[in-house]
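Order of writing sets the labels: A, B, C, D, E and F. Residues in every chain begin at 1.
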Amino acid sequence: MIMPKRTLRNELRRFLREDVGQGDITTEAIVPKETNILAQIVLKQPAVICGLNEVKVLFEMLGVKFFEKVKDGDEVSAGTVIAEVEGDGKKILTAERTVLNLLMRMSGIATEARKLVKEVQKIDPKIRIAATRKTAPGLRYFDKRAVIVGGGYAHRMRLDEAFLVKDNHITIAGEIKEALKRIQLSSHSSKRVEVEAKTKEQAVQAAELGVDIVMLDNMSPKEAAETIKELSARNLRHKVQIEISGGITPENFVSYAVLKPDIISLGSLTHSVRAVDISLEVIKANLPS
Amino acid sequence: MIMPKRTLRNELRRFLREDVGQGDITTEAIVPKETNILAQIVLKQPAVICGLNEVKVLFEMLGVKFFEKVKDGDEVSAGTVIAEVEGDGKKILTAERTVLNLLMRMSGIATEARKLVKEVQKIDPKIRIAATRKTAPGLRYFDKRAVIVGGGYAHRMRLDEAFLVKDNHITIAGEIKEALKRIQLSSHSSKRVEVEAKTKEQAVQAAELGVDIVMLDNMSPKEAAETIKELSARNLRHKVQIEISGGITPENFVSYAVLKPDIISLGSLTHSVRAVDISLEVIKANLPS
Amino acid sequence: MIMPKRTLRNELRRFLREDVGQGDITTEAIVPKETNILAQIVLKQPAVICGLNEVKVLFEMLGVKFFEKVKDGDEVSAGTVIAEVEGDGKKILTAERTVLNLLMRMSGIATEARKLVKEVQKIDPKIRIAATRKTAPGLRYFDKRAVIVGGGYAHRMRLDEAFLVKDNHITIAGEIKEALKRIQLSSHSSKRVEVEAKTKEQAVQAAELGVDIVMLDNMSPKEAAETIKELSARNLRHKVQIEISGGITPENFVSYAVLKPDIISLGSLTHSVRAVDISLEVIKANLPS
Amino acid sequence: MIMPKRTLRNELRRFLREDVGQGDITTEAIVPKETNILAQIVLKQPAVICGLNEVKVLFEMLGVKFFEKVKDGDEVSAGTVIAEVEGDGKKILTAERTVLNLLMRMSGIATEARKLVKEVQKIDPKIRIAATRKTAPGLRYFDKRAVIVGGGYAHRMRLDEAFLVKDNHITIAGEIKEALKRIQLSSHSSKRVEVEAKTKEQAVQAAELGVDIVMLDNMSPKEAAETIKELSARNLRHKVQIEISGGITPENFVSYAVLKPDIISLGSLTHSVRAVDISLEVIKANLPS
Amino acid sequence: MIMPKRTLRNELRRFLREDVGQGDITTEAIVPKETNILAQIVLKQPAVICGLNEVKVLFEMLGVKFFEKVKDGDEVSAGTVIAEVEGDGKKILTAERTVLNLLMRMSGIATEARKLVKEVQKIDPKIRIAATRKTAPGLRYFDKRAVIVGGGYAHRMRLDEAFLVKDNHITIAGEIKEALKRIQLSSHSSKRVEVEAKTKEQAVQAAELGVDIVMLDNMSPKEAAETIKELSARNLRHKVQIEISGGITPENFVSYAVLKPDIISLGSLTHSVRAVDISLEVIKANLPS
Amino acid sequence: MIMPKRTLRNELRRFLREDVGQGDITTEAIVPKETNILAQIVLKQPAVICGLNEVKVLFEMLGVKFFEKVKDGDEVSAGTVIAEVEGDGKKILTAERTVLNLLMRMSGIATEARKLVKEVQKIDPKIRIAATRKTAPGLRYFDKRAVIVGGGYAHRMRLDEAFLVKDNHITIAGEIKEALKRIQLSSHSSKRVEVEAKTKEQAVQAAELGVDIVMLDNMSPKEAAETIKELSARNLRHKVQIEISGGITPENFVSYAVLKPDIISLGSLTHSVRAVDISLEVIKANLPS
């Protein structure tokens, strides 16, 4: 999970400008120049914290000192001061909303991911909880990073990272074998290959053709179980990774986990986030003398 | 709610590139050049649709034809084909995820906003349901537009749009009166002024000083009721707009609405979105002859 | 009047590159590396100084020390050293023309604005002298800021800041009432409304409909006087601000001012600027040893 | 005078966005979608027209038809319709101010340049009236082009175009000869060399050293006359071009022209522009049926 | 080998502007507006052609028609017209040098790659000739594409594409095993792993640890032979791909090829290119009537 | 040879990102945070070094200390440490390839240029060895600078720098005289004029018309000799500079040099570069304690 520092700064600056526009006219009018402020960032409900790393970069870009009181990934109780900031009052108040919006979303994702990771680890610590590409537009990096901080697995960041043959691709190619042949021909470098299987037969076929990962897509727990059994029977199970994806909910989650796939991936981790409540409170303001 | 067309295109392009990176290597390998595809965008659960306008712009940028089957703001049942696309197969499959991510989020917001608007209208059709600035970073325009399409009110898009004196500003200025005086001095153009009141006294003071809107912030229904009563008693109620904000939930929502404020605003509308399930399905693929 | 610091730096850098292109080949050839220079910026005619704030930012971007000897807004006599700069000789000479071009224009605007403000204050200190949007393309911020420094009022910076219903809008809407109704419908946030009135009747109509400002556009002093009288007679004068605009010259200026409008606005303040003569003179050059 | 088409479009777009910001909220609210408008651009005072070429590009970028009724460089009487535009009403009204600001400034410059060119041609048609680099920041291309359209000479567009040794350069180099030697050494391509001479002696020295142009800077007509006489006496006059610059006014203009220099350059042509009054008037509006 | 179309256009535009600057002043002066030109692009020496695809995009951006007479990858004899262009004379002449510079370099690379591919295929058609990351700065895409067109293998486009553990990495990690462990820990998605081995022992160790590719770096043919023999002896040869890299020349090339590695990679393919001579010749010019 | 510092930084950053993409995943995984590294840049074959200035800027942008052990332009023997770098290990390893690619190419060009300059100086030290515009796309500045560091002459950097009338221009204009007339008319500033002559007659004609440089294009040594003789006979030789260009090789180089032209220009200097072998070797790595 790497984003060039400069890119990260540009993203954060863009977030800030989106909120500020030409200027925070209220703060500009009311807060005198060179007012020094000490403020606390306070968690209002129990959560796994995420986003402090990013927020730190933003405050430092603004010349504001940022003191982490906890670390990204920590599980923290309600009422905790997770960070303090000190510096130019205009800048802190102007950036407040942008900072909180980012922390609230990332912590929301990390909290949910952590919950699922803990549950799955009771069954088998080797199973990975993964995100999908169903992230909020423009927030791929932040959403994926929050999943990792929660203990999950990022999966493909972008379409150029690995091959993933989906239903529509198979339709167009005619069959899995043909799709894989085309990938073989086009490839001028080495990237892994995953195939989405809607049926046991597809899964077996993909595994026999030597793909790296077979994704069991939108299968019921029963279908998934039968597919995995078949793969084992044919001595293919250990040659491929198994990913289960599609239609996984808190209710049916365990039924899939007991099948001991390598990966369980959920779109809801990033497309239906519940923000964690966090606020920024000014503790002290020193006006310029 | 205006975004320059060019800016919108740049945003959509950015979303697409975030997902695609250097290229959709799977699609590039498997889908032959000049394959023409017809695909349907299908709603999987009842929802208020939002984002078709934006998605249309994106497909047109790619030279893909886009046929809306419903309109943004329509309430649509599960299973409905909300749009069809026809054009270059490589481009449609490459853009699929970006398009769905946008539609799913915007429709999720519009659906929730519509629900609240309908509820409040049973009590008083003049009360407006408003969004806050608690939007996902980088998605201000899209989140706010979805609220409007749902029937809600956008409120400040950015910090430069109007004055909103918050608790921290009052702390620094010492008192509301001083804060408003500073706004008066700094202003070289005409923008509205809102003040956040935590107490009945602050609300009265702000109204007496002639602000445009008083926001009752994090008040219980009882406190809010008393404040509004006091404003009426002092003949100030009709001189200001009343906004209620902070801590509003589906449970306590009605208790606030019966006070007949001008505006009820909720952060959750945009910070804790539940995505609507939507998929893209290839119906026909014509390979180049 | 806020411009994000980063935006200002970008603008100044753009100005500089426009003049420099690939490089100041003369200075690069002649001035040895690490030559340290002390230079004075000298005013050649009496003026209100403006632009030192901006020029300071530019020099600091270049690593050159900038010492203000007067402040933006000061009225200064011919021959005054308004600032000194010290630093790398190549950079100072390369930036010279860009710096002077900016100072000369901004001081020209501030000087003219100050003259009008002083005149109007003899009549009524509450009347504001305002700029229009008739600024040099690309120089909106700089031209408006110069007006403010001169003591004037900036007025709308951009079309998105407030509603201003002009003649053409009324023509298309059919009547003022319809135009205002459309504004009411479209608005998802709170911005002020001004209407341009060419006749007494339009002015009355606009005021009755509750707009914030009525602009008396291209009226003769007599027409303007009658209009204001009518508004007073109808008890509307104190409910709206009155702006007089169009065709105002040094000659007829007083005839309008005596009507005691809230605002008098003049395009000539920014579209027909007389530059103030300012030069940069090298005082000392220390070659590298 | 070349500006890449793409650069020109970017400049015009920047001008437009500066004025529009997030959107022309008045026009967006009042003018219905797909309203077709015919409007005239009308000259309000006699002038040499300039800027139609640029404005045409802007309107075409917006999909608006632009019909020139006169050409850039034409001398036109008050009341003339100089162009008509037809197309989307929203776009025409939104662009109105930007378009007029550009036309008014460029026509103002062209008109003044033409006046001087005509005067000088009575004395000697070979003398060129030239602009300096004292243009409005960001408007170099537009200001210089207006001078050319008026019949003048653009001179250096940027510092990288030719060598111009000024007083400060000579101070640092010690003497003209040394400055020219350094230019010789640094040059890896062939660009012309001009030297600014404050005295007769400097002018002679520069001419003897073989520079391409000698600029007589801030000389009185008498000093300039003596300098030119001396150059002739030494058989140097025909070997260099003579440029007179600095302190030239309408009053003393002829005293310099009679000396028959090659070039007379004036900063006031571009730093103290009087805008020409031009307006845009909607003639017909067809609402969508 | 994918580059987004928009990125490609930006790259080509950048190349063009680098050469043109503010404008091709010679062509602008001499070629009348609307002169229509037919020109031929002629190969002056035998070569494998490459770059026509890119050049076509550039000409189309300029509105010039481009007719390929051969295809990228064709082996063509001296004197062949490889393409014709028809359109605006100004644009064709202005773009000439940029177009030729690109074609000459890309064809040079493709020609050399083809030569090596043919040689190696005599020995074993499964061995791939690969490029390295030793491309000209800014030309990665173009250089790699030329290698592919020549019949070679692109290898890693960028550092984010796959893991390649080099000597310095091993030094810092202490040993190969530790380096691979760190990769395992850091990885949140699936990318292939290659290890650079300087000795037989390192090669064996890497293969035993299950890496995807072992690169024999700067080994003599003898060392490489022994290493491959050892891998076979340990039953590891078929489990990894073998790449030979470093110090390969036309002279020793065959000694490596006979070892039947999977890949032979050469930096010289892209860092020491011999341009192919190609020219553009105007055949017909139709002046505007 | 000037490139604005900011432009240079942008170019270098672009080169780096081209190679790195989203991140150097190998280095990120293996090298611990805050590992301090000392590395040497070592020359592997005798060469004239070039590119240290640029590489220094890149390392400084990354916060890495750069110590030159030799200077650009020095002739250095194989095995020499030409620079040392010290700083963050992640950054040094990530930038390694970009840095070496630049140094290897620029040193290759400088080495070849120096060789030719030395040869020509044996014949006549006043003859200049010049580059053409046949540089690698995007590398104009770097290629030209390497030629200068090698002792050569940069010639036109871009098409806007000077007039160069080529064969195609003459064809379109009809004759040289007409081409030069058009240049005269179009010019609003002073730039030098060169004409490409394919025949003795053209050369004479151009010289008589007063151009600054005559280029003898693709002439055999004999033709060139006759042309120069004819120019001398007509007393034109000293009035123009003579450039010989086209088809010059190491074999025929001397035959042209003995004609004592002012300039000999060769495309091969920049279009067919042989990279110099240079490597970066980590000497010491201090892990964070």
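The definition used in the following text is that contacts are C-beta pairs under 8 Å (C-beta built on N, C-alpha and C of every residue); 3 or more make two chains touch, one makes a residue touch a chain.
Predicted model, so just to flag it, every value in this text is computed and none were measured.
Undergrad: Going by the contact rule set out at the top, which chains touch both subunit D and subunit E?
TA: Under the touch definition, subunit D and subunit E have B, F as mutual neighbours.
Undergrad: What's the chain with its C-alpha centre farthest out from subunit F?
TA: Taking each chain's C-alpha mean as its centre, the farthest from subunit F is B.
Undergrad: For the pairs D-F and A-F, output the one whose chains share more C-beta pairs in contact.
TA: More contacting C-beta pairs are found at D-F.
Undergrad: Between subunit A and subunit B, what is the gap in Å from one C-alpha centre to the other?
TA: 23
Undergrad: For subunit C versus subunit F, what separation do you get between their C-alpha means, in angstrom?
TA: That pair's centroid distance is 48 Å.
Undergrad: Rounded to a whole Å, what is the gap between the Cα centroids of subunit B and subunit F?
TA: Computed from C-alpha means, the inter-chain centre distance equals 55 Å.
Undergrad: For subunit F, what residues touch not just one other chain but two or more?
TA: 2, 20, 22-23, 25, 28, 157, 160-162, 191
Undergrad: Can you list the subunit A residues touching subunit B in their complex?
TA: Subunit A residues touching subunit B: 11, 14-15, 18-32, 35, 89, 93-94, 96-98, 100-102, 104-105, 108, 133-140, 142, 157-166, 168-169, 171-173, 179, 182-183, 185-187, 191, 267-268, 271-275, 281-282, 285, 287.
Undergrad: What does subunit D use to touch subunit B in their complex?
TA: 13, 17, 20, 22-23, 25, 28
Undergrad: Quick one: in the complex, what on subunit A touches subunit E?
TA: 1-2, 144, 148, 153-157, 160-162, 188-192, 212-213
Undergrad: Which residues, counting only subunit B, touch subunit D once they are in their complex?
TA: For this pair, the touching residues of subunit B are 2-4, 6, 157.
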